[in-house]
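Two complexes are shown next, each including chain A; its partner changes from chain B in the first to chain C in the second.
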Partner chain A sequence: MERKIDNSALGRYKKRMLALMVVLALVSQLVFWEYIHNHPTGVLAYMLAVLPALSFIGIMVTYGLYIAELKDEFVRTVVKTSLLWSIVATLSVTTLWGFLELLANAPHLQPLLVLPIFGIFLGITTALVNRRYE
Partner chain B sequence: MKNRLRVLRAEREWSQADLALRLEVSRQSVNAIETGKFDPSLPLAFKLARLFETTIEAIFTDEN
Partner chain C sequence: MYCSIKNPAERRYVIRMWVSAALCVLFSTVAALVFRLGHPHGVLAYLVAVLPALPIMGALVYTGVYLGEEKDEFQRNLLVQSLLGGTGGILAATTAWGYMEDFAHAPHADLIWVYPLFWAFAGISYGLVRLRYR
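Moving on, here comes the complex of A and B:
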């Protein structure tokens, strides 16, 4: 049979993610080097601090584009369901931890860790949602 | 929703992968629809009906 399943959305997603990872690694190296050696202050310090975050935001935008470009409605449903459950899990854990910090003197959770936590939950929920449809 | 996809597919001696290729979806999609775990959208249901040269009602039946 000549026809093939369109996997172009996944292909584009992987390429964009790879490019963003490279940009993130380079920008982070550059920003940390600048902070260690030149100790920037004021507006420049703020601007430099924002740069690595932009790459992380780009990763989220890339994931959004992947969902928008997915043609297979079943796969899109699996991705969207996983995404919703991982948002619920991340918000629950971070809210819970917030109260633990506030009332029980638990160690401070860096807001920077929220995205990796979300990524871990996304991996878990994707596996669980996929299992549901097996 | 219950459906007759497995029967219709067997009549044509198509595997799930064959049907997936014809519908331009993943094999997992066909499996999920066939087992009733996932209800297809109206456009995909029409595509299925056209492919099997029948009506949507002849493929899918409301469990209620």
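Moving on, here comes the complex of A and C:
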């Protein structure tokens, strides 16, 4: 049986994501420009560095809103299960690599990579969870 | 202590978590001793370094198993929401810190802190979710 997709929540999610992507691109460009030309230091440097991160945090909040707005219980279960297994995988990787860095002098993995790693796992787990329910 | 927990799924979860914690302490001590006394390098160093991470990964899997075994829908929902809150919190924190490391030369954050920080965020989230249902 074909499932009816909750288009209203998905539509709002896509619009918000698009807006945030535009904000992220603009803010990142501005921050890069400021760092290349004015070399900020101290508190200003920290404040500017956090700006692109705020857009990413906005993206996460948008995803949270999408889950909350989902009316289809099945889709919500798939999304939540995928998210939970993704964080399990991400925490496993970061913990493993953390010990390798600490004890075996493995190369430093930037904390900035945690979010993309989570994103990759989310893609994989979503496919696996969907396949399980097929 | 375990006798006071009436829920069998919760009791199993608490016991498994304590076993994981004990194994983590044991493996950390073994790894530290091997590195201090044996100075391993190459593949052996990597293998010894990942030893303490294994019980931590086990604890994560046990959390997933507990979610599967928990019969109380409310308790399960409470934990799922807390874990999702923890996920959002840790991804926001690592992204913000990553940008600060890259741009503002903030001190290097060890990835080993991602796991405890995740639980700190999940704990805060748990308190907030409980308040919501009061």
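FYI, the second predicted complex is superposed on the first by the 128 of 134 C-alpha atoms of A that agree within 3 Å, B and C clash if a C-alpha of one lies under 4 Å from a C-alpha of the other, contacts with A are read in each partner's own complex, and residues count from 1 in each chain.
Everything below uses one rule, namely that contacts are C-beta pairs under 8 Å (C-beta built on N, C-alpha and C of every residue); 3 or more make two chains touch, one makes a residue touch a chain.
Because the structure is a prediction, the values reported are computed rather than measured.
In the superposed model, A:D72 makes contact with chain B only, not with chain C.
Using the contact criterion defined above for the overlaid structures, shared-chain residue A:V114 touches chain C, although it does not reach chain B. Applying the stated contact rule after C-alpha superposition, one finds that A:T94 touches chain C and leaves chain B untouched.
With both structures placed on the common chain, the touch criterion links A:L18 to neither chain B nor chain C.
Looking at the shared chain after the overlay, A:Y35 reaches chain C, while chain B stays out of its contact range. Residue contacts after overlaying the shared chain place A:I57 against chain C, while chain B stays out of touching range.
More residues of chain A are in touch with C than with the other of chain B and chain C. In the superposed model, A:L103 makes contact with chain C only, not with chain B. In the superposition on chain A, A:R132 contacts chain B only, with no contact to chain C. Interface residues of chain A, counted against chain B in their complex, comprise 1, 3-6, 71-75, 77, 132-133. Residues of chain C touching chain A in their complex: 31-32, 35, 45-46, 48-53, 56-57, 60-61, 63-64, 67, 80, 83-84, 86-88, 90-92, 94-106, 108-115, 118. Here chain B touches chain A in the complex through residues 18, 20-22, 24-26, 28-29, 31-33, 37-38, 40-41, 44, going by the rule given at the top. Note for the complex: chain A touches chain C at residues 31, 35, 45-46, 48-50, 52-54, 56-57, 60-61, 64, 67, 80, 83-88, 91-92, 94-106, 108-115, 118.
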